[in-house]
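Per-chain residue numbering starts at 1, and chain names A, B, C, D, E and F are given in the order in which the chains are listed.
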């Protein structure tokens, strides 16, 4: 098993990753948790961003493709999908690539899931 | 709207894509449908493979990342996930990249979905 | 609100409906519950079969179409889907009609859910 | 395998089916896709409506029962469920039959899914 | 099998349980069903509340933990989750205990499901 | 935000919690990950067990009720459900309490999910 870095690193590293990937969207989620579940805000920074997104084996464009695909397929995670549609643009995916991923979800999760993903993208792209 | 090619092209194109991407796994699914739903075998070749996977806007490695992520997150599609774990290797993803995608699903669909995906990959990698 | 019949009727009525619709498959499920959750066996007879399937507003063929569609779309209910594929045949659906419903699920729940439903039907039809 | 008709037919046939089944609801979805994913609008007309709904083996009332059941059970497809609640009325289902299908979903997908379906129907019926 | 009490008891017993557990939230759901599916209102009182919540083997605090966990994990049942977040407080769970359950769902259903649950709790706690 | 303990503590603490809660089942999962995703084995010990299950705000019996409810409702996590049915017994839940939770899931996730949960419990209880 690889050596385990100290936790402080996880939080600092996760905060940088969150800012790079999700921008203000990620900060807003963390801030909204402050009065109800501050420890959960910490876990959200540490595990998904400090542990997973910082891993070297997959670049951030590929990680966002995986996340956008999964959130579209799950169907119940529209707010998080919007955050990651913005994140996909932040890390260098084009609108066209994102639309391809959303369309492909019709095959695996059905047309309604793909349509809801495309309409979420329409909103996010209109803001940018 | 872009010009619509004749359907024959969709089927021929989809067959080539299916063979390239899924190899024998795809052919086996099509063959298994022959006596219960032959038209569905045709749709499976035409729409996912003839229409979607042949589109130029996303390379096959990225398409397989999206598919592996979605099938892992959905959780009820283990046979199809195994077909696409093999497909991921066929189109050039490394085992390490596939494992990264599967681990990342713990964040979005929970640890059980990620674990089931990792154990499916363990089986598929052992065969290869 | 319509008058409420005594519960004895619900159980007797549900038992008759279960036998008519699911045949031995329903009885087997009830029997398998006897040592772990006998009250749940009773609820299963009373609510789905005594209350819902006995209602006059929809014939049993239509009810089984709804059930087969839902169980295929949910994806995690293969044992129950098999019981209701047999039930569909029992109440007069043809194999062709059942296959149409299963194929249609590709549109709403994705190709993997439809494929898993078709392969479950293949098994059930082979037994008959 | 049955002969494959040219794609032009699929689009024309699907457009007629979409208009007959979903009325303005279907057209509105297609129009909303025009600026984000026009090819997906075409696929939506061609595959679900040109390929599946036009098949002869199941009448449209039965197809809408299957769709309403699946969308209610999935739970994440409320906009599409509303389109198909209207479609069910368009193809000749009565309000009573639709309510029966929605209630039955409590058995297979739980009371929350059924309640959300019934409240969607309440909105759709109030508009008509 | 235990003796089956008359249905009148189920409805009366369920009404008392519903009032105790869900308070006005439960009554509002029942009232909203009156014009679209009055029988379903009756089933909702009878089966979940008259049959299940009245059973002696598990206290109401534990039952609400199970319900809050399940509704958070399912992801498509936000209105029902809010009713049961209030119900959890009604039967004696503390805000802290409810937040623990919601956070734990990140492990089993992913961070988006947990976040959506926490933000639903934030709304419900703000009203109280 | 509370002070963050060093990661070593998380892993050691999580290992103790995993052993206490899941017994050999947890160790077997960790061991099975060793050759495919050893870092994921570490995350599994650290986040769910080191971070979440060790939190003081909810006792382990309540945590296992939440987990059993969620895994039953999700429907695609049977191997993990079996691990946690054993875990429930390990931390002091009675078989009767576990059966109550599983039956209650019929209300929220449908009868098939509850039945699959009850049959998983039947297997687990038979081994003990």
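As a working rule, a residue touches a chain if its C-beta (ideal position, glycine included) is under 8 Å from a C-beta of that chain, and two chains touch if they have at least 3 such contacts.
Chain by chain, the UniProt names read as follows: A, B, C, D, E, F = Carboxymuconolactone decarboxylase family protein.
Keep in mind the model is a prediction, meaning the values are calculated, not measured.
Chains that touch both subunit A and subunit F are the following: B, C, D, E.
Among the remaining chains, F is positioned farthest from subunit D, on the basis of C-alpha centroids.
Seen from the C-alpha centroid of subunit E, the farthest chain centroid is that of B. Rounded to whole angstrom units, the spacing between the C-alpha centres of subunit A and subunit E is 31. Work out the mean CA point of subunit C and of subunit E, and you get 26 Å between them. Inter-chain spacing, taken between the CA centroids of subunit B and subunit E, is 39 Å. Subunit A has residues 39, 43, 47-48, 55, 71, 73-77, 80, 99, 103, 106-113 in contact with two or more other chains. Subunit E meets subunit D in the complex at residues 29, 32-33, 35-37, 39-40, 43-44, 48, 71, 74-77, 79-80.
Touching subunit B in their complex are the following residues of subunit A: 47-48, 52, 55, 57-58, 62-63, 65-74, 77, 80, 96-97, 99-101, 103-109. Subunit E meets subunit C in the complex at residues 1-2, 4-8, 10-11, 38-39, 41-43, 47, 51, 55.
Those residues of subunit F lying in contact with subunit C across their complex are 74-76, 99, 102-103, 106, 110-116, 118-119, 121-122, 125.
On the subunit E side of its complex with subunit B, the touching residues are 73, 106-113.
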